[in-house]
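Heads up, the next two complexes both have subunit A, just with different partners, subunit B and then subunit C.
Showing the complex of A and B:
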């Protein structure tokens, strides 16, 4: 029943794959953008709680940010079943790490490196995990509390940055973050900035819903706040009567 | 349910976003105060032809867990056969009934690992002593999500708005059973790929109850007329509506 072994006889270049070769051809249930940024005490991450099925907003209470071990948060967009599978891999990883019982625990940099290898190797087999993952965390190191934020996507592209966004967020949130992010943001300022990005995505991303979750990670640990909705602003006079000055406009 | 995939004509490149939906069915699962009710229509189509007008789309996995099947008839039958087989062994080994969570995760495992070959959207529902009544949705791709209620199949498109409007938590068993029959029959009214009878399965601490609501016992909706034996009966009754030029 396990269809995930590639048939050695089939040429890797054959797009359809041989007998029993699994290939995520296209995503079915997909999560939206994830945005994240470093702030004074750690890393803050946010996303909406929706998962779409094509153009239908099918599932509206989905948690797409999860804690990983003691030091990290992972946010996933893209095919939700693949994200759930990645969480299982991470469970195995953190369990083995714990079983070493050596006083050490995997930090965000290590988790990110692991995920990068998983994503890239799957891509090389033409069997990608159809996700963009954001990995953030804080770990005490020789130079003090080291904040870490990185992302990796389905083709294995990976990098570290002070602020990350996936999906539509790349186009709508990143420009805002580039303009307004600072090294020493307080939690309140970071939340305000994240909410600014979330609102823009709500207005302009067709697949977003008005139900968000914000999560933060500091040296104390991770907190995933309960879902909430944001107020939207429609009170522009131009919105009320757009065809006043130009009949037939939209 | 699409039986045409038996001929090998199903293709997973017919994604919901680009290809035509081949899922003829309406399936529903709801939690109520004390258990769950699963419901489905009974139409299996091969293209435009109704291959089976009284199929049973709610299959038993264990004494306390059932699954609603939508998508390819062959794929979902084989998945439920495998899961039934695994759960049987699991029950013997553990000495107690399988939990709904375990059953749903087995369904998910098969759906996920074979995602490129399967067209199966399923709703798993049941009752166990640990968590009570539970409903798990396993759509295309192999995602698993626990929900207070779930809808699936091509007929479900017509139910999103209705469920958003009318769903309430904590219904009684009678309310839940009436609700799912209403909901499936509304979908049947509009979805060409759904039809026939409404079958329901109610699962709770006391066991399992199967019900059958034939097409002629379902409520009538907009533009639907009360069925008659013949025009002759209408004329005999001297109906004032008879159109006379």
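Showing the complex of A and C:
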């Protein structure tokens, strides 16, 4: 790892003085977890609409799930400006694909592969896009409608699964999904399951807010639903009078 | 504040055992990061050529890039030489590819297995920067330290002076070698947190390549 340390040491010096090399050293405005899973007709994805600036909840109406082409959805957590940069890359990609006008269109597997290369490449230059991206979609293939769900993180680690969650979701939502996910969930069942995960994150993740968006993608196309809030329950008797019975309270 | 580290260890173990006319290459399918499991069924194995299979553990981003790199070079070789790359040729290519990034290494611990040009089993074992050796068997990855002593006891010749040299290839039959590999993974899974979920076994012999798959402990 000597090469990497030499690089890291010289870069700030260069950024300060002569060459003006710029790279992301820390994330600033960050998005929270994204949860996604395959269901009977396609892929469903959800996240909250908040973006934090450190410990401040700076933006409360941010859309962190976007459609990509006709067959995919991308959800991003991490540095929000890097996510916007990725959306610009994907715009270029889908535009040039559209201009070929050859009847082919990029499916989720192709977009995931492209994003993996982009993320890995930026990591190699020590200028990462500080995101964890979730890529889901459905495309008609030779074996019928093929559902696809994959994730790629800021250093290029990527994999495909039936259900994915980034950030805190990895610790709190994935265990729920591993226990309760099934291949043949209907849309309503999938929404209930994803809301269960979103609720756990709302209760336990400090940076989560109570404003969520759900998106789905099927062979018919993608739909991103308007934001809504979940019902939370704080009416526990211990919360009503928390110091009752405690010795020496005033 | 968060400091950027370009590497992470996604865990897992890879093993290969060479026989007289076969080669067994196996790897678990768990992809981890820190104390989390990202996926229970992620393959670490790449089929580079007809009789040449690579199993790698370490940082998955580098592993995929390395495997793609080698696949591309193999295709170019086929176009230039009108034949598929042999396992020993791929072994040298892998070593050179790894050393090329000596000062920003591929964090990949590799085991290359296949049949050499005479049809005998061969296994090549590597470190992250390309130093390699042809052996009769090897394990690399997080569970390797748990497996190698067991493999040594079963497969290593008592002395290098005993002729014919025994640990070049094992005299075990194909099914015995596969059983040994399954046993050794089951043992490593008990104690290595990064090894488990399921085991992918590839057997290469003169009739082609066969894929076997067994469950391992998921805890």
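Criterion: the second predicted complex is superposed on the first by the 220 of 250 C-alpha atoms of A that agree within 3 Å, B and C clash if a C-alpha of one lies under 4 Å from a C-alpha of the other, contacts with A are read in each partner's own complex, and residues count from 1 in each chain.
The criterion applied here is as follows: a residue touches a chain if its C-beta (ideal position, glycine included) is under 8 Å from a C-beta of that chain, and two chains touch if they have at least 3 such contacts.
Values in this document were obtained by computation on a predicted structure and should not be read as measured data.
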Should the superposition on subunit A be reported as showing a clash between subunit B and subunit C, or a fit?
fit
Applying the touch criterion given at the start, work out whether A:77 contacts subunit B, subunit C, both or neither, answering first, second, both or neither.
neither
Contact-wise, after the overlay, does A:62 reach subunit B, subunit C, both or neither (first, second, both, neither)?
first
Touch check for A:156: first (subunit B), second (subunit C), both, or neither?
second
On the A-aligned overlay, A:26 touches which partner chain: subunit B = first, subunit C = second, or both, or neither?
both
So, A:94: does it touch subunit B (first), subunit C (second), both, or neither?
neither
Touched partner set for A:207, first subunit B, second subunit C, both or neither
neither
Which partner chains sit in contact with A:49 here, subunit B, subunit C, both or neither? Use first/second/both/neither.
neither
For A:126, using the defined touch cut-off, is the partner it touches subunit B, subunit C, both, or neither? Pick first, second, both or neither.
second
With the two structures laid over each other on chain A, which partner does A:222 touch: subunit B (first), subunit C (second), both, or neither?
neither
What's the minimum Cα gap, in whole angstrom, linking subunit B and subunit C in the superposed view?
6
Show which residues of subunit A both subunit B and subunit C reach, each in its own complex.
1-4, 24-27
Sort out for me which residues of subunit B touch subunit A in the complex.
12-13, 15-17, 82, 108, 110, 112-117, 137, 139-145, 147, 157, 160
Quick one: in the complex, what on subunit C touches subunit A?
1-8, 10, 31, 33, 36, 38-39, 42, 59-62, 64-65, 103-105
Subunit A residues touching subunit B in their complex are 1-4, 17, 21-29, 51, 53-56, 58-59, 62, 79-81, 84-85
Within the complex, subunit C is touched by subunit A residues 1-4, 24-27, 116, 120, 123-124, 126, 128, 151, 155-161, 170-171, 174
